[in-house]
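Listed next: structures, encoded as structure tokens.
Shared chain: subunit A. Partners: subunit B in the first complex, subunit C in the second.
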Partner chain A sequence: MNQDWGYGINKDRQIDFDRNDRRLAEYIRKYVPSYKLCISCGACTATCSTANLTDFYNIRRLNIFLMRGEIDEIAKHIDKCMFCGKCELVCPRGVNTRQVILIMKEGIKKIKQNEQL
Partner chain B sequence: MNSFDIFVLPFAIGLYTLLIVFFAKVFDWIKHLPVGDRRKIGRGIRSRKLFGVVKEIFLESLIHRRIFKVNPLLGYMHMSLAFGWFLLIVLGAAESKIYGRDLLNTPWDPIFFKYFKHDTNEFHSAFFNFTMDFLLLFVLSGVFLAYLKRIYARLFGLKKTTKHIFFDRLAIISLWLIFPLRLLAESLTSGIYHNGGFLTDGLGSFLAGFMPVGHLEYTAWWLYSLSVGAFFVALPYSRYMHIPTEILLIAMRRFGIKTTTTFTNFSQIEVYSCPRCGICIDKCQMTSALGNEKPASVYFLNTIRAQKVKPGLSFDCMICGRCEQYCPVGISLMNHRLVQRNKLISNGYNFQFLKNGIPEKARIAYYAGCMTHLTPSIEKAMIKILEKAGTDFVFIDKDGGACCGRPMMLSGNFEGAEKLIEFNRNNILKSCADILVTSCAICYKVFKSNYDLPLKVLHHSEFILELVKSGKININKSGLRAVYHDPCELGRGSKVYEEPRELLSHALELVSTGYDRENALCCGGSLGNIMLGYEEKNKINAAVWKEMMVNDPEMLVTACPLCKKTFNKNAPVPVRDIAEIIADAVQISPVKPNHQLAPEQIAG
Partner chain C sequence: MIIEGKKTVWSQYQKNIAGDHYFYIRSCIRQNLFPGSETAFMRIMQQELGKDIFEDANHTTCTGIGYHTDIVPIETTMTVVARLFALMTERGYENMITSCITSFGVLSEILETWKEFPETEARTRDFLKKATGREFKVPKDMAHASDIIYKFRKEIGEKGIRKLINAKTGEKLRVVEHIGCHYSKMFPQKGVGGAEFPYVLIGMIEDWGGEVVDYPERRHCCGFGFRQYFIKANRGFSIACSKKKFESMKPFKPDFIITNCPGCNYFLDRWQYVISEMEGKTYGEDQNGIPVLTYEEVAGLVLGYDPWDLGMQMHQVGVEPLLDKMGVEFDPAKKFLGKNGNSLGVPEKPNVLNFCC
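Moving on to the complex of A and B:
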């Protein structure tokens, strides 16, 4: 069984402020207050139903992409979430992860349609 | 009979305005109804279902039977207003037609009958005078209770009453005035001509003793006409639109029309049928435990009707079904919430990574569900029971399969849920099982309602009960006193109330709470609410614990892994799943190895 425990090595990337699109992160910050509690512990990924079935999904990493402002990366994977809620139940910090995902999807849709967030 | 005076105009204008506005709306609703729904109406009208429609309209729109069930006093209030007024109209019409000897008289003839007709000494007048006064008294008792409800709602079993919008206020004030003004007008007239019954004539004679009734009479009739007219004009824009709309709703529902995954004109009719009675406010734990009335269904329907649906409100609901259970109009409130979510969210999904494997074949397919995987003790207990009973089973999602689709559906993403359903359905069918058993109430709900499976679907509580009944497992009874919590999706969602109780009664002593079966509370962990944070869910759960502990149980037993996990956080007594209880109580009896049962033996 191919299990991604969320501790893989992220792709190397220099901090590049020009590429850091803060729109989505700010959007989440505004609508999901619990998001700021995330400590990137990876418990969510370890239990995630989708991450269990595919290498290309990792909810903790989506959070990191969000902070780095890499919206395209998030958009590539976000639709794989099955909304099962396991991540939310194991999160030690009480992050409302499903709300994060829902609002992320919403924000991405708006960004794609060039709407104001 | 001369029966016109300028004061009939407010009434007449109000009535015609109401009729025009209402029928224009009905025409528009029916015209834009989905074709399939229109056909159902066509077929329904010509079928025997029509009798059912008339019966239900009588019982619900006039007698208000479902409100009686919630609270008898509240029921009486609604009945006296609706049924009393209805009888006043019918009898009034009959009276005026008989006296005027005119079958096609004007609509205001009965309304202002007493003003124009003074010599009521024909043989049937005694009957009409008495009955009409009696009915007026009946309605007035309802009006009095309505005043009282505003001041002292608790008497009617309500903690909160609905906050009104402008048109509601206008309508309610005129409605509250109509009957007292009618009493006054008829009494003043009777004070002069003695043409009333026991009530109006009595009051009239009394008033005539110290009042210039002759001067006041005309003004009173004007006021009466104005109040009725104002009520009629405000009606289509107020909650009282429910009066005519509910009749339409009852008929259409009886003809088989429903709100499913899209918002149709039938859904619109459901929305307009809400009288804003407020029963749903108290039932909602968002109100009772969190003190937040805003998400209550009555206000949510208001936003739909005003076309101002906000995402926050749509997602701030646990889809627990308590409001729907008690809604006297029977509006499919949970569906409405989901349909609005579906409109609001981005419904993307990408499940290409799901690949159907080839599961082993067995008689029984066991599907634990995501939440059971998070509570391995339940899984272990189930495996123990399945093995002990010597069943031939396959564990479909042993390595953690795909989600059943119910949470996705609850988020409003019906399209994504459909994909997950298709995937799991294939897996289940490939196992060639005759029985599907699940340990999760959430999975059970979606398996039953949306999977359309050609096999028997059982929740583990039902399945284990079959095992016990058919003697495949024997269990020891202990004296432990436990309370059973009905999970929303199993109880109200799938109407499984008795099987878990029957099963548990084999193993322990059940004690009740004030919140059993249909009235069960949501544990607070619901996947239906996407707005609630950790703290708030905890707060709801703590409030539920208080109710569960009233009879001092030594344990709480539930039948849903999510409920178990949620209850565990605030637990004053141990929390266990029904499967764990049975697994521990199973007698060690010699079961022949590899003894396999035919499914009909197991599941009757």
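Moving on to the complex of A and C:
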């Protein structure tokens, strides 16, 4: 095939919720059922030390990335979490947020190693 | 559903289309890329419908391409368009038809600007008078050529010798309609059906026996956009838009695409070839592409014109599979012969896309 065109085909950046990668989101729901209670109020983010001191993508944003299936974005920042657990203390819905981060890390590791979630 | 309400809403999306006596403005790119279409339009208007239509050998571009690429200033565009109006006035016509959607958009934009800011019209009249000594009247009625075919679609259907059906199975042909953005997205009231329910091509398909395909990216732009295309490095964006549409329509297995815009027709046709060369993907059956036809070509096929007279050999995606499907008789040996019988030159065969020649 002729490749010398002087231009390519731009990659589509549209996020199609019917086709996005929901593996990690389903994995977290399976092992941390309380995650389903999240209402994205942002209390976790407000109290998060890492979010205040670094450019850590806070839990609320992680949730959005998770729903969109943007796993690479999550992987970029998730290691900055210190597991202090303040987010869990303030969560009005009682979501086990520390466990969410832990399972998320596990899931990303499995995806990178091409293992079945 | 309250039908009365629907009727009221729908009535707001109608436009007045003159019935006879037209002054015709050709399209810069269509004259080169699909010259058979404009010839077919004149033939249909004069020979089939018996209408009075006039084209002036002195008419020029509307400057649309230069205007949209920021090369030609609006004052110049207005003056050039005013000259076109002057030619129409001098010949005693009041109804203008444009062959090109860009021209339709440019003329609509100028007429609306003059309505909102009368001083710009006065200034343009002054420029035209000083430059050429001409004066003009604003057209009483301005329509796109597809509006005219839409208006007379029933007459064309009645005179036609075939319908948009599969001659072998008797099923309706599945047609994707694509309306140029500048037809009704700029001024919805100037297009049949407005921007939300553009009916101009649907009306033709339904009346000529075809079935309209509804698919998710139906109203997406074809990606032409002057700046996307003219700067080579930006073409990746242009082709990505077309690809998005092809990917979206492919599962619905359309038999062909009908467009009313020169740019859309060209790019939906040519980008299929480029995608096939770059990625090895094709969107029709058996490594064929999806043929992209103009509304005049479709009308011509319905009326029984020879496909090579309609200029269908100018498309990058081969139209033969569609012609076979419709039961159109044609001579493959005459595909690349000109009117004088001399060869027009045979194009190089693509690596991936099927091209029957």
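Here is the rule we go by: the second predicted complex is superposed on the first by the 98 of 117 C-alpha atoms of A that agree within 3 Å, B and C clash if a C-alpha of one lies under 4 Å from a C-alpha of the other, contacts with A are read in each partner's own complex, and residues count from 1 in each chain.
Rule of thumb we're sticking to: a contact is a pair of C-beta atoms (placed from the backbone, for glycine too) under 8 Å apart; a residue touches a chain by one contact, two chains touch by 3 or more.
Please read these numbers as outputs of a predicted model, since none were measured by experiment.
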item: Subunit A residues touched by each partner, larger count belonging to subunit B or subunit C; value: B
item: Contacts of A:49 with subunit B and subunit C, given as first, second, both or neither; value: first
item: Touching partner for A:20 - first (subunit B), second (subunit C), both, neither; value: neither
item: Subunit B versus subunit C as contact partner of A:34, first or second or both or neither; value: first
item: Overlapping contact positions on subunit A, where the subunit C interface meets the subunit B interface; value: 1
item: Subunit A to subunit C touching residues, read off their complex; value: 1-3, 5-12, 14
item: Subunit B partner contacts - residues on subunit A that touch it in the complex; value: 1, 33-34, 47, 49-50, 52-54, 56-57, 78-80, 82-86, 89-90, 94, 96, 98-99, 102, 105-106, 108-109
item: Residue numbers on subunit B that touch subunit A, as the complex places them; value: 311, 315, 345-346, 348-351, 353-354, 370-371, 373-374, 399-403, 405, 407-408, 410-411, 413, 416, 420, 527, 530-535, 562, 565
item: Touching residues on subunit C, where the partner in the complex is subunit A; value: 232-237, 239-240, 243-244, 274-275, 277-280, 351-352
